[in-house]
Amino acid sequence: MIVVVKPNTREEDIQRLIKVIEAQGVKIHYSKGVDHTILGIVGDTTLIDTDKIRSNQIVKDVLRVQEPYKKANRLFHPEDTIVDVAGRKVGEGTISIFAGPCSVESEDQVVSIAKSIKASGATFLRGGAFKPRTSPYAFQGLGYEGLDLLKIARKATGLPIVSEIMSLEQLPAFEDVDIIQVGARNMQNFILLKELGKIDKPILLKRGMSATMKEFLMSAEYIMKEGNDKVILCERGIRTFETATRNTLDISCIPVLKRQSHLPIIIDPSHATGLSWTVEALSKAAIAVGADGVMIEVHNNPEEALCDGEQSITPERFDKIMTTLKKYAEFENKVM
Amino acid sequence: MIVVVKPNTREEDIQRLIKVIEAQGVKIHYSKGVDHTILGIVGDTTLIDTDKIRSNQIVKDVLRVQEPYKKANRLFHPEDTIVDVAGRKVGEGTISIFAGPCSVESEDQVVSIAKSIKASGATFLRGGAFKPRTSPYAFQGLGYEGLDLLKIARKATGLPIVSEIMSLEQLPAFEDVDIIQVGARNMQNFILLKELGKIDKPILLKRGMSATMKEFLMSAEYIMKEGNDKVILCERGIRTFETATRNTLDISCIPVLKRQSHLPIIIDPSHATGLSWTVEALSKAAIAVGADGVMIEVHNNPEEALCDGEQSITPERFDKIMTTLKKYAEFENKVM
Amino acid sequence: MIVVVKPNTREEDIQRLIKVIEAQGVKIHYSKGVDHTILGIVGDTTLIDTDKIRSNQIVKDVLRVQEPYKKANRLFHPEDTIVDVAGRKVGEGTISIFAGPCSVESEDQVVSIAKSIKASGATFLRGGAFKPRTSPYAFQGLGYEGLDLLKIARKATGLPIVSEIMSLEQLPAFEDVDIIQVGARNMQNFILLKELGKIDKPILLKRGMSATMKEFLMSAEYIMKEGNDKVILCERGIRTFETATRNTLDISCIPVLKRQSHLPIIIDPSHATGLSWTVEALSKAAIAVGADGVMIEVHNNPEEALCDGEQSITPERFDKIMTTLKKYAEFENKVM
Amino acid sequence: MIVVVKPNTREEDIQRLIKVIEAQGVKIHYSKGVDHTILGIVGDTTLIDTDKIRSNQIVKDVLRVQEPYKKANRLFHPEDTIVDVAGRKVGEGTISIFAGPCSVESEDQVVSIAKSIKASGATFLRGGAFKPRTSPYAFQGLGYEGLDLLKIARKATGLPIVSEIMSLEQLPAFEDVDIIQVGARNMQNFILLKELGKIDKPILLKRGMSATMKEFLMSAEYIMKEGNDKVILCERGIRTFETATRNTLDISCIPVLKRQSHLPIIIDPSHATGLSWTVEALSKAAIAVGADGVMIEVHNNPEEALCDGEQSITPERFDKIMTTLKKYAEFENKVM
């Protein structure tokens, strides 16, 4: 970390600042330039609060040279992390397909979809039991019953299951869930992240709608710091001024995060755009850009089939998409 | 709510759609236009999921004519809500000043600041006990001890106290806190909001960094729906492309939210810009634009005073700001 | 277009509004609902100013059912537009590669790069002669001399050339340029767009940094309305809160714009992220998602080669990327 | 400017980099730290392209310590700039009110509004002759005739006039306009800015919708570098994810820009929110926060009066707002 001191600062004030910083367990390399004095901070700067230093009256600017995350940092962990989930590998070299309904609605629904997507080659069954909804009047999910239905579908197909946790006290009910998902709205629910760091279970961490990539990795760090390094990242769109899509898929974050971190990362195009007819094109792009998988929402509403047909992704539509994605995975020399 | 059906849709498909919508407890007013058929939905549309209707193949677009919130809606509650906190009124006609340190650090610190801001005319003492920090390595607050110190400061000054809750299981410890603050990162922690709706205590709800005004009111609705209508809104800056300030204070939200809702709303300029030298100007603007109060971070670091002096808001600086703000409040015919 | 009138509006005020709207050459379909009166506007609504109607006191909301662009609209022009540039086709079925230096610096530089990229299979030589720079102190390009150097490089290689126009009075100098580029900062320079609509030459229109997809198409419409329908769109990143990349590549705009418009669209990953090591991955994603081409910045700085080597895209690096992209194009059954 | 070199870089590569940088006319202060080598660049760094240095393979990061603008920088020009416009002062100590119709429509309209706003105390008459419209089908303004009508209104009232230029070739027609406005969409039309820098006339420069404050000042610098230092800045809202208002008024930019620059700055609330009922509250906030004036859209549509009455700002409504603003100006000890 580098601290630039304002020109014409009194030497005694600089020495006072050095003492304050060194009290945080680091050393200072002092360099008097022509215009500015520069303090190079040597040691573990992850603990240093740059905002606090920046607010000091004699400080012109602070530049963090090392990223503030360690466990998630590729610098200290050059090889790719492969997360093992019930024998399936998630990470570099493999394309994982997370598929299933947005909300678990009934045994019939979830078992039927699970069988279909299994046949099409999906790796994991995802389904929402607890649903974070903007409106308190909207359907909030089946809750614990939803988790039970997912387990029935798992038994019927062998597909490991993924579901979203919304609050700490739900944790015991997730003991037998294969991957616990943390949704975008909880990406900075630090209390929840810490507890998830204390268990030995894969965590699928979705990027917050207005989280920078650095903040995204800091949230992964919250989990990893407590001992759980089975973190799978998921890009699901960020909030921008554009309204033609629900969010803006930040596809560039794949190469950038791959360079900064060793964690696997997947893409959720369904939530990014909110437009199911974009999912196939974006899933292909996800594999092409280097993502380790995609999450795809699959519906089956027999009674509304005629109406919904073209727009939503039915098991039949999903099967066709999978055929394309498999070719892409093969083309990229990845297992799928 | 108005549903526009695509041109050239078969009548039987329209009838099928009408059935699906009416099954949700509303009535349809059918209007066949030259180009488009329009379905006017009559009744309580707060329960209707517009995204679901929009995803229907024969639907061109959906327009929500009524806002999806009821309890927070000025339409159904024209008079301003005044929240009573230990005898102090928060809301129209009064300017409330929430002041205190970002983090509670020691008894000396918090009692000393509390006495100073009391003398300057602050209405409430705010102080962080549980601190949501982007980095797991940063100071996370004194926790329960911090709440105890706030209560000591309250006893010493009579100022009601405000502190942030970060998770549901902390709720019992907040029983004797006068206002419970929900931070920006928890604005859509719906499980927490629901529980806060079941208690009889004022809630200070901060706007999420990427929350629209509508989503902000929907989060207030989560609390109010459960029975607690003592909600105070707080604008604290939204995330934009601008980096000269930490966030962008959305000051226009004051007149807009005042028109849409009857809830009191205050402004937190300290967090919006992260630049303490902007606080005075923005606090004046807050009163001028019609906010019901401001939240100001006040520090006292005797040993770092020389360095920090000009930039941060010490009790002395706060006292001067208060003198100006009182004149503004008087000018606007408000009690402060 | 649908106008929703507020409840309890007097009939005479509605009639007055109808007259105002009908005076703009459209017809009104009047529908009195239970809560709201709805006016369906029939006819060519591209001329109607929705903001003006929305500002009317008795109007609750306005919903535009038809897009306000016509020439660029796929609805009225279902087949894909293929732009012919000196015998090369740009559009559906073909992957076009626009490559070359950001700035033209010397004859040696541009001819040498042109020969290299030609050998690697590029379709067009792009090079900046007039450079829009944020700082007035930065290098502003060689200007007219730069255009001359591009023509020399074209003569040496046969590659058609693309360069950016910054102002109307430069237009005569572009007479012999194969494609005129309009940069992001000029996407809403309407006077320039209109004039470019009057010539018979392909226009490469870059999306503005904060332009919605709709505004992007409206700018294309400005050109097409005057008679020039040879418009090629280019997505080059939008401005968001993320700072790890210079801009955020909005890759989802490809399927969305392809559905809304018949115009060809390419992607410029170099400008989107500002990180040359992301260009290969994003170019692959561009072809996978359905873009009609990519624009890639290619450098050659022999004297700085050691330093710049890994990070920037030299002709050698470009050649390797092209090998990969050709496989992708083939895989997608496209000519490249 | 400070360049941080990556750890373990070979000394010869550092020396090569130093040569490349020093070739740009600056000196290097070399400092070898424990982890990183730091190069402090001494001299006029406004000419240095940080992106180019950052792209160098051995560079970890670059920190600009001095702002890249000089003429607009308060550091080199501590006293406030007061722009003199036909005897009226714009700048610190004075509140200037720019009022008038969005578009000039007829002599009657503009003269009538001009007389009214003059009577209410406005300082300048603004009116659009050339209108930048998103749609090519929308009314584009009266053009040169509009400028003539503004001059008639000036003659009738004595109010100096302000109007927007859209392109360089319109410049001769603006010779007798008192203040030339550069709209948000032209804020980075660098060719236009340069030419405006060569004339001796006040320029009202509006902030681009996605321009940072730094870019805003760099655009002012383009004008000032050529010799014209009569620049008045205008904040008119930036583009964010919020849709309840047309743009988001970035009110914090007033104290920040006042600290960084000596130029006067005004606020345009009408364009920021697109909601005329927010204009009064935001204008008060503008004065409270320290802006040097406000720009207010004033309409008069006698035939649509009944409908438009409450929502738009008629001369009568404007007169009432002015009464309030005068009290605010007086309260802030400013002339209005």
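Letters A, B, C and D name the chains as they come in the text, with residue numbers starting at 1 for each one.
Convention: a contact is a pair of C-beta atoms (placed from the backbone, for glycine too) under 8 Å apart; a residue touches a chain by one contact, two chains touch by 3 or more.
Model, not experiment: these values are computed from the prediction.
Distance from the centre of chain C peaks at B, each centre being the average of the chain's Cα atoms. The chain pair C-D and the chain pair B-C differ in C-beta contact count, and the higher one is C-D. Each chain gets one centre point, the mean of its Cα atoms, and the points for chain B and chain D are 31 Å apart. Taking each chain's centre as the mean of its C-alpha atoms, chain C lies 27 Å from chain D. Computed from the mean C-alpha positions, the centre of chain B lies at a distance of 39 Å from the centre of chain C. Shown for chain D are the residues in touch with two or more other chains, namely 210, 239-241, 243. Interface of chain D with chain B (complex): residues 210, 212-214, 238, 240-245, 248-256, 259, 269, 272-273, 275, 277-278, 281-282, 284-290, 327-328, 331.
Residues 2, 4, 27, 29, 31, 33-36, 38, 40, 42, 60-61, 63, 65, 239-241, 243 of chain A are the ones that touch chain D when the two sit in their complex. The part of chain D that touches chain C in the complex is made up of residues 13, 16-17, 20, 46-47, 49, 51, 55-58, 68-69, 132-140, 166-169, 185-186, 188-192, 194, 208-210, 215, 218, 221-222, 225, 239, 274, 276, 304, 306-312.
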